[in-house]
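First chain A sits with chain B, and in the next complex the same chain sits with chain C.
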Partner chain A sequence: MPNFWKFFLLLLMSAVIIAVWVMEPPQNQLGEVSRLFYFHIPAAWVTVLAYFVAMSQSVLYLRRKELLYDIKASSAAELGTLFCILATITGSIFAKITWGGFWNWDPRQTSILILLLIYGAYLALRSAVREPERRAALSSVYCIFAFPAAVFLVFVTPRVYQSLHPADSIIDTSGRIQMPAPILLTLLASLFCFSLIFIWIHRLQVAIGRDPHREGKL
Partner chain B sequence: MERKPSSLVYKGWCIFSKDLKSELRNRYALNALLMFAVTTLVAVNFAVGQFGLGEKLLAALFWIVVFFSALSGLAQTFIKEEETKTVSTLKLVASPNSIYLGKLTFNIALLFTLEVVIVPLFFLLSNVGGANLLLFFGVLILASLGLAAATTLIAAIVSKAAVKGALFAALSFPILLPLLVTAIRGTELSFRGEVFMSGFSELKILLSYLVVMIVASLMLFDFVWSE
Partner chain C sequence: MSTNLVAVIAVLIIWLGIFLYLVRLDRKVKKLNRK
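After this line comes the complex of A and B, so read on.
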């Protein structure tokens, strides 16, 4: 990643962190915990983004049969697992304060848990196959095959079954943005920063994965 | 050229009857599957037998029994081909799609045989009274077809990997969860004796799940099979 972006990220992320701590907590009901919101939503967003990257790179692998796409897909899945865990933990903290328990089997919690299980299953499958080409093909197929289930769980179930989770955090069902400008701006900046961090780490991981000296150690 | 689709179905049918014949001769999957199902069912009913369970719990228990029994046996059809080293021959004689269709039909047959045993036993052991049987069988048949459609491709993946048994359950569960959630809700409605139309949305979800899984499997099976 060019240095410009790294410095930009440093400045913007610092600005976001300062803004999160300086601004008034928006919802008086939630109090201080609402500051977590600026990290919870981006983490959940990156979880889904990483899954899309893994899925699209898997499709590319099956089409072109080049291991580079497999490295990209698996790195995205590993990162997605990390952000998925972060989103689950921050969500549980929210749940403890607003709903009274860390885990309530709310449809949203269930869907993020299943996404975590899909990531876990994908990584378990990868570790169970030794030859790189076969591992790449099998895990690509699994990643694509899990996609309909993931879409159903992340985007359909929370809207069909009753959930206590805010219906849609940024844009409500009528398609309007319904939050004060400073809050929205901080959130969007945070989303942007998280996406940049994801792209940065992903590029590093792909570079490491392509290193020929590392082949034997895997 | 006009015989192409019929030859796909015909070859699928041949593979199905080949699997059926060899299964009837040595009962590779069926015996283990049936014993597993009966054992789970009895264990569950023994553990909770004295308590009058609600419809929701009964529906959940029923699907847990079906789910784990299915997972204990449905991968066998591909694992057997790998173990007896008949994969290469099969690759030569039939196209991937016909193999998928044949194996899918075999797994559906296996699952239905299993349910012929489990369902009466379940009703006998758990005292479900006044269930809407039409809705129950509607949900059961659609969900079983979906279960077989989703697990057949995963079985093919698993047969190429190490630690097959544990991996099969781990890979299947996240993908089957939408199906299980819907099937449990539909079964709960039928146990409560609700009218058929009340479970209509569940049946629609199950049907669309089935279609999505079969289409996705047909698209992807070739990549697994050629590995």
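After this line comes the complex of A and C, so read on.
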């Protein structure tokens, strides 16, 4: 049954949405807004996942010189940027409630802005080169160098500098998972659903990107 | 509680909208693939 997983995704994501509002907020001191946690973390996770897919497909393009890998890489980078914007918006709503303003130039906020600029430049580079092979080669090299920067900006920078962003909201300093089981289960289900949604949209984007004439018919 | 209920229904409707849009797009892509 090829469409079984789509039906499963519909049910599981609906269950996650209901569970998010039925359960107690994950951090009582932050109140209702802390429910955003179940969407903010998966959006950030999919950002890193998408940029990793973009980097690995770029490596494959440089090795095999097939434009399909370039389409896969660019589609993943576009989706990564979309989820990064979602993570930034949900994060700034948190910031408004906890830090008093939507934008505070906190190391976490600054690093996510730099990340958006890096991948914005990737998309600008792609739109500036007309010849497909040349565009694919240039953007693949750029994407391979951009991914380590993404890892550094997401995981290292906010921990090196003093940040207001909680670093131990899932795993505490001793390396243990510190949240209650229902919250952890809902978060894991949300992470799984977001990953499936990413894979689904990515597949569709690649199918459309393989034949540019198709775009006008959709 | 009533605000929460409105929020749940609103988010569920948004999710259903996204899901149905993706299903529709999926069908169209498959149809074009067959041609």
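We adopt the following convention: the second predicted complex is superposed on the first by the 206 of 218 C-alpha atoms of A that agree within 3 Å, B and C clash if a C-alpha of one lies under 4 Å from a C-alpha of the other, contacts with A are read in each partner's own complex, and residues count from 1 in each chain.
Here is the rule we use: a residue touches a chain if its C-beta (ideal position, glycine included) is under 8 Å from a C-beta of that chain, and two chains touch if they have at least 3 such contacts.
Remember, it's a predicted structure, so these values are computed and weren't measured experimentally.
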Q: Return first, second, both or neither, reflecting whether A:181 touches chain B, chain C, both chains, or no partner chain.
A: neither
Q. After superposition on the shared chain, which partner residues are touched by A:128: those of chain B (first), chain C (second), both, or neither?
A. first
Q. Does chain A have more residues touched by chain B or by chain C?
A. B
Q) Considering each complex separately, which residues of chain A are in contact with chain B in the first and with chain C in the second? A) none
Q | Contacting residues of chain B [partner chain A, same complex] | A | 153-154, 157, 160-163, 167, 170-171, 173-178, 181, 209, 212-213, 216-217, 220, 223-224, 227
Q: Please name which positions on chain C make contact with chain A in the complex.
A: 4, 7-8, 11-12, 15-16, 18-19, 22-23, 25-26, 28-29, 32-33
Q.
Under the definition above, what is the set of chain A residues touching chain C in their complex?
A. 6, 9-10, 13-14, 17-18, 21-22, 32, 197, 200-201, 204, 207-208, 211, 214, 217-218
(Q) Quick check: in the complex, which residue numbers of chain A touch chain B? (A) 62, 114-115, 117-118, 120-121, 124-125, 128-130, 133-134, 137-138, 140-142, 144-146, 148-150, 152-153, 157
